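Note that the chains take the letters A, B, C and D in the order they are written out, and that residue 1 is the start of every chain.
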Amino acid sequence: MFDHDRPEEECGIIGIVSKDRKFNAASNIHIGLYALQHRGQESAGIATYQDEYLHIKRGKGLLRDVFKPADFENLSGNVGIGHVRYSTTGSGYAQNVQPILARYWGGMMAISHNGNIVNCKELMEQVVQRGSIVRSSSDTELILHLISIQKERDTLKAILGVLNKLQGAYSMVLIANGKLIGIRDPFGFRPLVLGKIDNGYVISSESAALDVMDAVFEKDIKPGEIIISDGSELKSIDFKKDERNALCVFEYIYFARADSVIDGTSVYEVRKRLGKELARLNNVSADVVIPVPDSGITTAIGFAREADIPFEIGLLKNPYVGRTFIHPGQSERDMRVKLKLNPIRSVVKGKRVAVVDDSIVRGTTSQRIVKLIREAGAREVHMFISSPPITHPCFFGIDTSIKKTLIASRNSVEEIRLFLGVDTLSYMTMEGLSKAAGKSLDELCYACFNGDYPVPVIEDSEEGKLLLEDYRVLEM
Amino acid sequence: MFDHDRPEEECGIIGIVSKDRKFNAASNIHIGLYALQHRGQESAGIATYQDEYLHIKRGKGLLRDVFKPADFENLSGNVGIGHVRYSTTGSGYAQNVQPILARYWGGMMAISHNGNIVNCKELMEQVVQRGSIVRSSSDTELILHLISIQKERDTLKAILGVLNKLQGAYSMVLIANGKLIGIRDPFGFRPLVLGKIDNGYVISSESAALDVMDAVFEKDIKPGEIIISDGSELKSIDFKKDERNALCVFEYIYFARADSVIDGTSVYEVRKRLGKELARLNNVSADVVIPVPDSGITTAIGFAREADIPFEIGLLKNPYVGRTFIHPGQSERDMRVKLKLNPIRSVVKGKRVAVVDDSIVRGTTSQRIVKLIREAGAREVHMFISSPPITHPCFFGIDTSIKKTLIASRNSVEEIRLFLGVDTLSYMTMEGLSKAAGKSLDELCYACFNGDYPVPVIEDSEEGKLLLEDYRVLEM
Amino acid sequence: MFDHDRPEEECGIIGIVSKDRKFNAASNIHIGLYALQHRGQESAGIATYQDEYLHIKRGKGLLRDVFKPADFENLSGNVGIGHVRYSTTGSGYAQNVQPILARYWGGMMAISHNGNIVNCKELMEQVVQRGSIVRSSSDTELILHLISIQKERDTLKAILGVLNKLQGAYSMVLIANGKLIGIRDPFGFRPLVLGKIDNGYVISSESAALDVMDAVFEKDIKPGEIIISDGSELKSIDFKKDERNALCVFEYIYFARADSVIDGTSVYEVRKRLGKELARLNNVSADVVIPVPDSGITTAIGFAREADIPFEIGLLKNPYVGRTFIHPGQSERDMRVKLKLNPIRSVVKGKRVAVVDDSIVRGTTSQRIVKLIREAGAREVHMFISSPPITHPCFFGIDTSIKKTLIASRNSVEEIRLFLGVDTLSYMTMEGLSKAAGKSLDELCYACFNGDYPVPVIEDSEEGKLLLEDYRVLEM
Amino acid sequence: MFDHDRPEEECGIIGIVSKDRKFNAASNIHIGLYALQHRGQESAGIATYQDEYLHIKRGKGLLRDVFKPADFENLSGNVGIGHVRYSTTGSGYAQNVQPILARYWGGMMAISHNGNIVNCKELMEQVVQRGSIVRSSSDTELILHLISIQKERDTLKAILGVLNKLQGAYSMVLIANGKLIGIRDPFGFRPLVLGKIDNGYVISSESAALDVMDAVFEKDIKPGEIIISDGSELKSIDFKKDERNALCVFEYIYFARADSVIDGTSVYEVRKRLGKELARLNNVSADVVIPVPDSGITTAIGFAREADIPFEIGLLKNPYVGRTFIHPGQSERDMRVKLKLNPIRSVVKGKRVAVVDDSIVRGTTSQRIVKLIREAGAREVHMFISSPPITHPCFFGIDTSIKKTLIASRNSVEEIRLFLGVDTLSYMTMEGLSKAAGKSLDELCYACFNGDYPVPVIEDSEEGKLLLEDYRVLEM
């Protein structure tokens, strides 16, 4: 929920194309990115294409920090792509604001990418050894290099040749040959949807962006599908072989917006079912059900209804607390949690309180929340988590910290319960997750719960940062 | 809920004093102001006092924009006051960031004020005619002038002499004679509470600030009460005559934080009772109850429980949408509502939807919300408002726009229903309000519903801006 | 020459009025202020008047930091005043950005002031004791108070009543009654000129501003003269009694622009004559004459010509070095001088170098310059200063630091010579100054050289900050 | 002299290395860059190397805008390079802030470059066609690509292989293999000097930077010389074949600092000799000699002395006028010149004025200066230019605008004289230039005067922007 005590999404992407050459792709992307800002708050960018020129604006910060009205006077073009990005602060790697652009043998090319290429290091080594130079730490630049080094000098064929080699998670949009291209990896780790506008098409990480862009949802782009369009025609190519589907289940649990629909299923409904399932799986005896806002709300509604216990807002979130600084003598984490969440005394005082949250990463924030609730007079605190224990790091686009900081990687549930200071602690099961998501166990990625990575990853790195360590630049 | 389609609070104030001369008043106020940021986002300031010097930092913007760590190295002193302020943008009047300071015959003085002095113009005229100069458009400066022109040269006696003349709403904190002074007007329009810290006292607009400051709630400062403290002693003086109480009922309905307790009553519980009362007063037939976030949530929970209809989140709020700009060809208000709120289709589609909101000012935003819900497939939309129709402007510290823009001032409920495009529209009654608040009708201010202003106001100004028009300055 | 090692001017002012009501006073003032930026770099502001409203924009920093094009769309009005201000950084007093505005019994009033009222403290005490509040540390606010407390309720008569009481230096422009008013104190400490534009008039600190504003120089405003104009008529009132003239001689030596003409005499020509006089007064034996840029250039030209020694640029100034920070291990002052000035080796190597500068305040910068010249190979260094030794602080608008830091207040010329490390050190005489300025000794203020203050000042304060200490505010 | 009416330099570079591993390269480079800021004001950057990591800070603006003290805590390393850059505003090409970095087969590499590779387009095409991607419009990136694609996998040998192919001007510093490398092209278009510090070496565009860095001038790096050092050893390799020397003569006339010494000759002395030569070549009859500040000052001193006419400052430059905006109704260029330069009336009135300037590009600014001088009362205006007529664009690192905007490319001297409105107009000759510079005609580049480019350039592009047009990106 707070800084680094919750899995962090890495990116949101949008692409748009219209056959109307006067269409302003940039302003439409700008609106759509607002609906994806939850997927990345570190940087943002938009690139458009017109008459063999790419136009771009990108920068660090939220959309409201990066874009000014005057930018859009210059961002002309009827095809464009956009990006919002989360990146670990202080990670030691250079910041890589997207979209990124390059000239290659086919002209100008632009890309926005959501995911993580797990064999990036190995592929990058090949690129460098053949005599290309690498100018950033991102696997996004890698994709451009790979396209560029293909023998085949037809852009689409070259891309297909590249996909052959990429291992990992990638949902991406590109501009090449003046067309919009959308690609979702064969496992479908990250969502990607197609929408229809007058005279053209939109591709987006989530369907919620289509709503604000006045686009009509057309379909989920399938795992292993490429979409190419110039605004008039739409071409689809299937490059999936025999990979199983592996949609990241955390998209349903926490990442995606509640108003999005992913691979046919409403996120809101999955969350409500998760709450119901969680109540069914446990024998709940409590006087009141409260969510940890904001993400736990829907799940708690389902939970409360199934358990037939009153649902209340027991923790009030302060939306104005961002990265405020801490004064000497204050505990950084204590103060931040206290400023962000205040218990409503009349709701919890003297009560047996069921607290519903979506996940526990390190456990430190949850511990402080429990303390606040107890201090406000709760008689008992029972915690219900709508995901199973996170025991393994993610290598497919999520920052779940390094393995050793995952509390569930080295503690039993009972040990975690004692650490949090709750009367009972109940986790969701993988079966319950599947049931709520309406998907079979082998259609989702559960690697962070069981270490069963759909794509082999070299786990030699304790830090789970195995990809990029060879681009050694610290940018201030 | 959005820009100017909801009553807007004007200020939040905090004062603190410790007998420990090394106590850092400023950093404590800073933390506390975060809990009051909802009461004002236009500007913020903190003043502290030490050894006959006032130290101050103030500026436009949110707390996070105004204050930097280095400021607190210089804001020394064991007594201090703080302020957050809302002010109508583009109002044409100079911005008046508080606290404001002055030298007077008694030394240095500082003030933070929440409210509105309705006889400001008349009093200011006296001040100017006697040969004082006025340097801002604020009634806050007026209070300093009035203290300064008293014949009586004892600060406390001078203040008592001033209170005699002030008409209107004022909850304020002052520093004078190196002491902290808190004053609440005899009607008690705005809340003001007293808390205890080790070695001293805190005064705050709302009790929620006490929680984050680790202060213990001591009592509500009574209407017509002055509190004076140097950190050791605490003196209380009662200056109320025979005025009735007139707490602004919108503090319960919408302004105050749900986790605050005002004049002995939990805001959260009042809101829940408002929901229940609203359900009881009407014959509700709906399939689902949804709030307009964020303020309607608690009320909708109570409503849903009483009506025994499922409570759901049917509108998702986007917290990242602030004052984003609008592109050519877009409708400003349409786009802003659409970006801020997106309906969750699976919740409303094919349903009879009961929407719970707290108030309607101009009606334009509500109209757009209804349109969004209908477009998402709702079969029927029934709107329930937890306040009575707002027919009169407020002159006591709230910006409810000018009279002619209040939709209920010139339309019947049926006309408003047609304007909004809902199947039914139900307002709260004043009796229901009183019941939910647990206060008799003559303990609350209902002037915006019935024009019965507790203090006579000259309504000659159509704009309801009667106070300040004689300080004619436009500051860029 | 550098930070605080040279007398610092406090302000530049401009007023303009046109009878053409569509005239944009603000944009003309903006242009004019650029020509006065050398008189103040800490803050800037412009106020205009139209239809009983004052419009204002002001802020800290240079003109280029404070003003944006959009400001001028709103700064409407055919009469206006502007201000640039220098103020000692870290002085501990609140910053007082001008113009300042007030409502008084006659309506709206605005003022920009250059100078220093030496009996400010005493007058302010009267103002406070009669029941006015003081909101800044500036003697500029005092003037508004004094006008406001006059019994006489005619603005012009009230102003005349005030001038009666003010002691010290003041050149100022006001807007009152919708008219432009310009006032120069009876001693004429600071310059003030009148210019003519089509349909109106300009008042400015220096004639150089008239040039860029396309105004025609009309006359110097006389010591003890008030000018009032609405753009059509121009009225002049003389309020001088028997005060002698006392123009600050440093305006000629250093402050004013070389292209200005003050009280009938070209600044450029005075400086050249200063150089000639300096050469005549001394038996110069040197191989080359070099100025300390920029101010010494003109004086050095005159000096070189009279001494018949080649004039060269021996120190190159780096215009890009502002307030750069210093790295650990570097000497702040050494590095700053080194970055700002680099000797041209071929000019000074093996030579007997005559260095011409305008003044020595603390001597530390001069010492470093001498060191640089010697390190570049000069055989001898002879320093010639175009002002007499500064032995007393200024109380009339100049920041010459406090007395004890003035090197000449406690050292003989020989001691200073040893401190600087020069072979010879020669100062200008007061007689030489008068001769070069073409004014008799009792027409100029020489107080900083001989302590003979034209207006009595209470020198009890060692810091020479005697005026404002009773407004005790530190603003961050 | 002003915006785009004078040749504009493109870059300044610095490299430093110490064998002391605790040496802070960055803070030393930072100081040195201040002495090169005149060579580029658009962007700045510093990169350092330590333990296989590059640390970098770069950004748009002046040094004072880009660097903050905290940056230097992180810019660790005993070897580093820095850069200041000028780039045409609104040029339509993406901004390319240097240094630029890349990973290649040899590890990490960084480069700062001053100059222009004239066969960049052709070489870039080869790079792209072999399958590399290009990510900026700069010829600096090209150099990294070329090193990277060498078959030879020894860095120094690879660099030598690249130099073989590069045509054009390049003075550059690189970090590779943890060593500092400095390279000057075989023609020596741009200056490059070597200095010695305790335990190491400095390489800089100009010797003036050595002075502020406390480095001792060692030697000019020769045309066609590579310097490699790890702080202890210094290796030099000569790769010049039979190219003639072609130092850009404008370095002496205008670009370089007067306190620099280039290829053995003091810039200050060359400028003074230019003035003398200019006087000798013409029969000057004037009453006063005035420079166009700042660059013309030294030349005017020499001119005045030779012509035996008094030297005066006749135009006062306002250092505070940067890119101020212009108000409606004002002529952009008129206003800018007027704000920047004001004539000193007493100097020019009634006089025959000899104006000394360094060059005329478009002539528009000179025309306005002449107008100002005439309006100030000059009887005659004679203009003396210390360079020959500029008739051809530069392709070696200078922005002399496109050919058709060069006034001398399509007008005779008499036509230019009429355009400027001067009584006489005299240009320097190429022979005079050579004489003043103490170099023979074939040791300097005179291409902008005679079109005799030392390296063949394809002049097919009317705009003289022949290099970069294939990287089609417009960055906002």
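To be clear about the criterion, contacts are C-beta pairs under 8 Å (C-beta built on N, C-alpha and C of every residue); 3 or more make two chains touch, one makes a residue touch a chain.
It should be emphasised that the depicted structure is a prediction, and the values quoted were computed from it without experimental measurement.
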Partner chains shared by chain B and chain C (touch criterion as defined above): none
Most widely separated chain from chain B, with each centre as the mean of CA atoms: D
Superposition of chain A upon chain B: rotation angle, C-alpha, nearest 5 degrees: 180
Chain D against chain C, contact positions shared by both copies (same if over half, else different): same
Geometric centre distance via CA averages, chain D-chain C, whole Å: 37
For chain A paired with chain D, centre-to-centre distance based on mean C-alpha positions, whole Å: 48
Between chain A and chain C, centroid-to-centroid distance (C-alpha), Å: 60
Residues of chain B whose C-beta touches two or more other chains: none
Full enumeration of touching chain pairs: A-B, A-D, B-C, C-D
Of chain A, residues touching chain D in the complex: 52-57, 70-71, 74-75, 100-105, 108-109, 128-135, 141, 144-145, 148-150, 470-476
Chain A residues within the chain B interface of the complex: 24, 27, 30-31, 34-35, 37-38, 41, 62-64, 68-69, 72, 208, 211-212, 257-259, 261, 266, 268-269, 294, 297-298, 301, 305, 310-313, 316, 318-325, 327-328, 330, 335, 338-339, 342-347
